[in-house]
């Protein structure tokens, strides 16, 4: 019962309350801001699976986001595919790329993995920038169709908000099931002590690859949404600084915490909107918020441990009602 | 047998490689002493460049004064960086936490945050475009030797790099502070027990590393005529690649790998479009990490 | 009946260092075997070889008649060899329950689809195994605590509970009594004896001679990577070779 209440409150907030408020404050622009926040929420939640839960610091997530965006852009402009095909296919393509590119780096740990992913992200960025025949290079791809379903709804800021919000809910559901479960315990064990996890019978490399694949899938879907909702993409959207932005969102929200990832996206993209009157200090705000949260809130605003406790209790995922310890799945 | 053009490219690559080497040494020193990655090192490079440029535009001093100013700016920036992004995380003194995974990741993130802030502030002040550099200071005067043509900047890079590398060797091997740096790199607790001031040594390491980086930034800025706030990122990553290839804590290895990297890039750009040159470093990085996880020269490295 | 664990002429070299050289030994089903030897004799390295943490340089290891020498660490664990570590390796940020569930996950396997598709029976099995192991180790009262908050002694039990959740047939303990006082050591001895009575085979390294002599049915002695003696506690304590190895090593250390 508690679970049904919690879930319906969440759905009502995302699908009714937020769009309602956005319409009241003037629609258009604020819908676009919320769409961006939604895309970054998906990105941060997905990166959080690798970095927060499995403990592999990824500095190249923007690269995978870019693969998804370009896959969608090319599929929809060259072949005219509709969004319900481009999004899952882009996700799958990105996941395949992710596995292929990350397979050799899976043995690396700590900062070596971080730097290897930085390298992968930059390889993707340089390729997008220079493979002009395929990606049109720095000019980018324009006139990407929006999210439309002929006869049902047409592309608009509101439609895009709903497309992103519903995808984000699906991503939260899937990633939540992965992390708020015994499978999530296995991933966290890899983060805490990979050798020890192996000695307890966990296939550490397998778990790393699986979490990378799921994370890349959703990064790809987020890229696809970005392409559809903005209509224009260029390699500049998928630079290292975007990876850092994603990382900062995770750190601020709390590594390993799914609601934290969303909160991080809301803060780091929302705050600059309110600071806009005093000038565009977006990245300075990002840097400063990140710095102070590492210093004063090393576990983030919504740290993993309390979030897991709440999720077990509130969403009815715990096995034993008295102790709220195990997982129901 | 040897194409002139090819030799020319090799020389160009060598001079860029030397710059990467100067930057890589800063990384290597800091990694050696603290086992942390200093993500703001590229910003030190940028600061050196801008300090020099500001000196040039305000009172146009002779080149060696400009270099001294960049040097001072680098030292100051290194000191500030250590206090701001690294010192607050060394709350505990035992060896386990001095080189622990948690500190490593926290300082990686904090230096990243500081680097973003510094770069963005520079962009707010100077704009993100390339700065104009007075013609007299550009190190691009052609010098013809036989059928090869060089820029005077290349000679300056060669000369200055050799002086600095030599100076660094002298500093590390012959002076007291160099001895402390090597001792702390080896065993921070042991060094503290025999009465070495670890804090001061760590600061000295940052100052020395940052000085090298700042000077590298200045010369490259003047040689390539490109000084802009984001200039530190690419050389920073490449120097980092050189450090990883060289085995992380070996200065010699880092220098050799930086030279290899510089030349490989120069050769690549002579066959492909300029943009693809950047790919070389990243490919080198990924390949090294996969096939030579202890660096090309197989230095002993703990599993981190 | 064949032994549960059979180590055949196992060697491990690190560069020129012969950490373990031509070691052979067995653990019978249900047996409690102690492995002793001076520091640096290669005991932990041998454990790492048995559990396939470190690859073998030569020789082979059989577990229940199956050659496990070329398997990966997690595969060996799934076959039924669980271990604890010399320097406690609990996962500090996870709760005691979640820590122990890692062992159960290792035994039952882990697939993302079990989580996505909500496999209730799988979750039930893991929960049951985890509670069983917690009860065996007497930790059910602390199940919800974060592992970092447990006392040192309790963390030892936590490590053993995690290993038990794997439902192993062979339990390898690396210096279980290190850092415990006499009372705690005695309690641990009783606990290990109880596990053994339930049919678990045990192989342990320990420096506390009293602990080893009273607990183990058979003792293997290692020095400089080689096995120098193998026998009952009485035989070992009267063996001149063993005495010499211990005294000799002390002289070397003094010099």
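Remarks
When the chains are written out, they are named A, B and C in that same order, and each has its own residue count from 1.
Keep in mind that, in the parts below, a residue touches a chain if its C-beta (ideal position, glycine included) is under 8 Å from a C-beta of that chain, and two chains touch if they have at least 3 such contacts.
Keep in mind that what you see is a predicted model, and the values were worked out from it rather than measured.
Here A is the chain whose Cα centre lies closest to the centre of all protein Cα atoms. Among the remaining chains, C is positioned farthest from chain B, on the basis of C-alpha centroids. We define each chain's centre as the mean of its Cα atoms; on that basis chain A and chain B are separated by 33 Å. Work out the mean CA point of chain A and of chain C, and you get 41 Å between them. One finds 47 Å separating the Cα centroids of chain B and chain C.
Interface of chain A with chain C (complex): residues 174, 177-178, 181-186, 188-189, 192-193, 195-204, 207, 210, 214, 304-305, 319-320, 323-329. The touching residues of chain C, counted against chain A in their complex, run 51, 53, 72-74, 77-78, 82-83, 85, 89, 91-95, 97-98, 101-107, 110-112, 114-116, 118-120, 122-124, 126-127, 130, 143-144, 146, 162-163, 166.
Against chain A, in their complex, chain B makes its touches with residues 37, 85, 88, 101, 104-106, 108-110, 112-117, 119-121, 124, 233, 237, 240-241, 244, 273, 275-276, 278-279, 282-283, 285-286, 289-290, 293, 303-304. Listed in rising order, the residues of chain A touching chain B in the complex are 57, 104-105, 107-112, 114-116, 118-120, 122-123, 126-127, 129-130, 240-241, 244, 247-248, 251, 279, 281, 283-284, 286-288, 290-291, 294-295, 298.
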